[in-house]
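In the two complexes that follow, chain A is the common piece, with chain B as its partner first and chain C second.
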Partner chain A sequence: MEVQGSGSIIRNPVFVEMAGIMYRENKHAIKYIVPGVLIIILFIYIPVIMNFRYSFFSWASYSKEKRFIGFENYIRLFHDDVFYTALFNNTAYAIISVVFQIGLSLIIAWILEQKFLGNASKFFRIVFYIPSVISMTVVGLLWQMIYNPNIGLLNPLLEVIGLRNLTRDWLGDKNTAIYAVISVSQWQYIGSTMMLFIVAMQKIPQELFESAAIDGAGGMKQFIYVAVPQCKEAILMNLIVTIVNAFKVFDEVYIMTGGGPGRSTEVLGTYLYRAAFRNNEMGYATAISTVLFLITFFISVFQLQFYRRQIGDSK
Partner chain B sequence: MKKCKIILILLAILAFTGCSGSPDTGEENKEKQEESKVTEQQPETDGEKVEITFLHKWPEESRAEFWKSVEEGFEDSYPNIDVKIEGVADDPIKEKLNVMLGGGDCPDIFFSWGGEYKNKFIREGIALDLTTYYEADEGWRNSYIEALLKSGQFEGKQYGTPFLVTAKVFVYNKEIFEKCNVNVPATYEEFLSICQEIKDQGETPIIFGNQAPWAAAHYITTFNQKCVPADVLQKDYDPSSGEFMDAGYVEALEMLQALNENGYFNEGVNSTSSSAAREMFWAGQGAIIYDEIANFQGMYEEKMPGNWGWFACPAVEGAKGNQSTITGGADMFLVSADTEHPEEAVQFLKYLTSMEVQEKMCKELGFQSCIKGAVNEETSIPECVDAMEFIETQDGIADWLDTAMSANVVDIYLANLQELLNGKAAAEVMTDVQAEAARVAKDY
Partner chain C sequence: MRKLIKGKPENIIKAGILILLGLYALIIIVPFLWMIMSGLKTNKELFLSPWELPEKWNFDNYLKAWSAGIGKYFFNSILVTVLATLLDLACSCSLAFALSRYRFKGARGLLMFIISGLMLAPQVGLISNYKLLQMFRIYDTYFAVIIPTAAFRIPFTTFLIWSYLVTMNKDLEEAAGIEGCKDWQALLYILLPLLKPILATGVLLTAKYAWNDFLFPLVFTENIALKTIPYGLSSMQSTQDTNWTVLLAALTISAFPMILMFILLQNQFIRGLSAGSVKG
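Let's look at the complex of A and B:
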């Protein structure tokens, strides 16, 4: 019966016409999709596959031939202390960025959305946002000067407020250099995520806050139980972007310390750049970039799955 | 709607004017097109005009005029050759060259330092052997200071065309020296004692910026020369046989570390750039700086006229190395082995190293020439002439550490030099260098 039934549906002229329209529309849509897909395949997927292949060779950019060495680049990488330093620095970058660019910026966004600030809110939004539109090169050089122990502003400022024992060569000391660089990133990008959270908060229906207030919820409870859950989508998306960016970080470190002093501020991005363009070990550099790709890929997949589940649950 | 219409009209006007190009009349346009056709066809019709590309490492605005005059002067003399000159700064040129070579876009003539930096290009067959060109033109060959021409050789063949020579010396502030009542030292012991005296008088003895660690590498090039026997150095700097087991390497590192630990350097050496260090020295914030003679005329004479002098790093008594070598090297140009125009490239190099251009270079850029007699009282300040005479009295010029050996060993050495200044033991630094040198030698 079912077979007959379905057969009768297929023979149904309305169905046939609709299927025809869908087929034509799909055909039409494919014309628009194909160029984009081809470009992505050509400029992303093929290079990723080629990169993976090249990581099994030893070669310099100017070498006439590549020497196959199997997994030697990976074995060397996993025995390389600098790789673990870089991995640690990237992880520290990610954790601190999440705390500041998600946690703190969410709180700042909430405060700036409070009515009692009036027009001052607009002023502070601009103040917080401006650093994120300045070029990283300018920011890097600016902070290099601020941190400088001879001519910088930071150490004299610490002395003035009675914290003389904290003064040091911030970028020249291997114990503080990476945190000094990470701080600059937080200073620069906190305003950017803050703006995204402000937009998300403005979309929350006012009735929710009003009813929470009627139920006796104060500012803190409204933030925790209304604002944060309502901004879940924005938080998750910012989380993915912030963490992936923390693993892709390059400019800040390259400009401010170049990976030094020693190798204390090396991150995976600067390390692969050093291997490729300084030491001309293209095979080793491609092995590093493969590992970097896998890290960012799995973080993104994991977070997207998490995102789907969370958003799915809320819907 | 009105706004939309206005915008549409403006866009239409823009598109119209954009299409029309310029307010020329049709007649004039035709004439121009005819003219451009003629000029475009010229190289094809005479079949002689060729283009060569040239990459150097002095792109600074103050030096742009010189390169422009070189381009124009050469093209006037050789109208059939069109030379495209590009400049990339000292540090980025290393990366730029790697990228260009990797992309098969090697310039016809490109900059190179001496030592291993140059040798690797030759070994990979990237640089053209110019021996026959030099042999065919005795006048060109004999115009060079012999020792400097040799720095462009590899296994007895001439690949590099030296362009200028530079060396590292201590530049001092005369006012501070007078105030502290100290004189130019004759030995390294004396050097240390004047540093102590200057420090005791409340001044910073030496200004040093090691944010980019090649700065410390220049100190170590000098100290290695003074502490390690020359034959051992030669063997260790060769990537195929590097071991770095000599005790002199540790001594050299300890000499640098002592300067820092005794408080002879300014604060924050690892976070101070070399350019910031120069600024500090010019501002009178320190008594001595280790810098290149190529900067005498363009920097020190300009920033502190009459208030500076120089001395070479004094001999270290009892050390096993050669005390009469100076750190530095000849900056040179290599011709790409893949160039389609080797004759024209050599023609350009001959022009670049002609007495006329070299004298102009000394006069306008303050560099020291590799050509005999180009540095003289008319083209250079007395300090440059003295420095050049001093170089000629030395046993040899020690190539910069960061270009003298394999890039991998340099990478470990340089990163460790920053850590050395942060307190890492000299012996530990050498253990890391030895391990990397062994790995490189094994893969060689």
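Let's look at the complex of A and C:
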């Protein structure tokens, strides 16, 4: 038995239960739980439930009257061309984002983890990540000006490198507008997922790469057979988040095109905003929200598995 | 001998990779440089010579942008960001504390219930929240932005702090228990100081979210005097559409705090990434 200051008392098994005693009165826990849970229920859960109910009514923002119309909002939605344009645009957003923010990001992350880059790696990491800390509003407005045929940077640049015939009003042309907007998102967020993949790659035990190298695997093979499988969880998680974000997109589109020209760049987010706050068709807008909910919710269920596993592991 | 021959193409590949990375870095840096430079130009220069440096460094644009409203929006952004972050952290910290220290029936279910909030997009409840805030009579006040913003951050921040707390050594709290310390004293005086690194991460991620958010201020407030920077910028664009250089100056002013914060606090940012595996 050793007595060396207060530290040894704490380690004494008789006293180990002390912290447990302090937290034994479970009724004390309530006061820590109520405020947070109340806010979540009020502003996250109840609105979703209200949203379902609202979608069966025809109603305007400031009038008291709500008319029950059953599934009529949904029936109208399925005959609405703009709704399909929005769905198409969100899907294009998701596919392109997965290619760049998962595929390309992974490759860049891998390259930046290579030793020959030395300190240059740190510089590139910071530069690539910076756009993602700035608001989409700033980035959107900046790119709107870069795309602008009068003052912008893009068309003069194309002329300089001899691609004069490509110059156009990027955001004003129906065929290019949505892709011009999607490109800005890639510019902004490749660095963000790249950083997440770098963090994941740094957790891979170094021996795995060493033994792969002994077996004669070059950089490419190490990437495919060691790095990618070892980052499976991070890849899956980011895949889900990237797809969900592609369906939630609002700011960039609202800022850069407002859904135009025509309605060619409308996405679910901007379309529901327009229905609610421009056309004052609240019921119709909530029906669009419901579709958005169904899409994002069912993709996110996979995300929840990740958290569930972490909670399971820690107890 | 073989090494030499093998080494050569490898070096070419390395050089190629460096060039590609450099090009990508340029694609990111050039727009920012253009933004900062153009903010120093006159409108005429902007139209006629997109590539040249400004003839005279024209800081007027920055002053104009500031007095055209960015100053006021800046204040609103700081207020909303600080209060939303405080509310989020206070709620999340208490929740994480209760869920990691007390052992009661349904604790794990409650944690899952809280984290499930992550699955619900702010857009889905947008219209209901708009009505709810009117019912609570806080629509078109600062609180109409602050409270919902905090609410949507609580699931993630709670998870962040909780996962830190469950792995933490309980020795100090045990000692405090011997001294007859109360639970709230343990939280305030023992745990909070130890939680500093993860709290810093939580603050950073929520502050970034609140500072950059566009949708909630757009929908939940009407009064222009309450608007934050993102909305302020977009309204500058639609009202002063000829004054590009002032807008560019305004963009530079707005981007600056976040870039600075990131460069100064990279480690906290990256800890957030590591803990949550989620892009903020």
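Note that the second predicted complex is superposed on the first by the 260 of 315 C-alpha atoms of A that agree within 3 Å, B and C clash if a C-alpha of one lies under 4 Å from a C-alpha of the other, contacts with A are read in each partner's own complex, and residues count from 1 in each chain.
Assume a contact is a pair of C-beta atoms (placed from the backbone, for glycine too) under 8 Å apart; a residue touches a chain by one contact, two chains touch by 3 or more.
Note that the coordinates shown come from a computational prediction; the quantities given were computed from them, not determined experimentally.
After overlaying the two complexes on the shared chain, residue contacts for A:33 are found with chain C alone; chain B is out of touch. More residues of chain A are touched by C (comparison of chain B with chain C). Contacts of A:277 after superposition: both chain B and chain C are touched. Applying the stated contact rule after C-alpha superposition, one finds that A:137 touches chain C and leaves chain B untouched. By the document's definition of touching, of the two partners only chain C reaches A:244; chain B does not. When the two complexes are overlaid on their common chain A, residue A:80 makes contact with neither chain B nor chain C. Shared-chain residue A:48: touches chain C; no touch with chain B.
In the overlay built on the shared chain, the residue A:147 is in contact with chain B alone; chain C does not reach it.
On chain A, the surface patch touched by chain B in one complex and by chain C in the other comprises residues 144, 150-151, 276-277, 282.
Residues of chain B that touch chain A in their complex: 94-95, 98-99, 101-102, 121, 124-126, 211-213, 266-273, 276, 280, 285, 407-408, 411, 415-416, 418-419, 421-422, 424, 443.
Across the interface of their complex, chain B is touched by residues 58, 60-64, 144, 147-151, 169-174, 257-263, 274, 276-282 of chain A. Contact residues on chain C toward chain A in their complex (touch as defined above): 14, 17-18, 21, 24-25, 27-32, 34-35, 46-47, 50-51, 87, 90-92, 94-95, 97-99, 101-104, 108, 110-132, 147-148, 150-152, 154-155, 158-159, 163, 166-167, 170-171, 173-178, 181-183, 186-187, 208, 211-215, 219, 229-231, 233-234, 237, 244, 247-248, 251, 254-255, 258-259, 261-263, 266, 269-270, 273-274, 277-280. Contacts from chain A toward chain C in the complex involve residues 6, 9-11, 15-16, 18-23, 25-26, 28-29, 31-33, 35-37, 39-40, 42-48, 50-51, 54, 108, 111-112, 116-117, 120, 123-124, 126-138, 141-146, 150-153, 156, 187, 189, 191-193, 195-196, 199-200, 233-234, 237-238, 241, 244-245, 247-248, 250-251, 254-255, 268-269, 272-273, 276-277, 282, 285-286, 289-290, 292-293, 296-297, 300-301, 303-304, 306-308, 310-311, 314-315.
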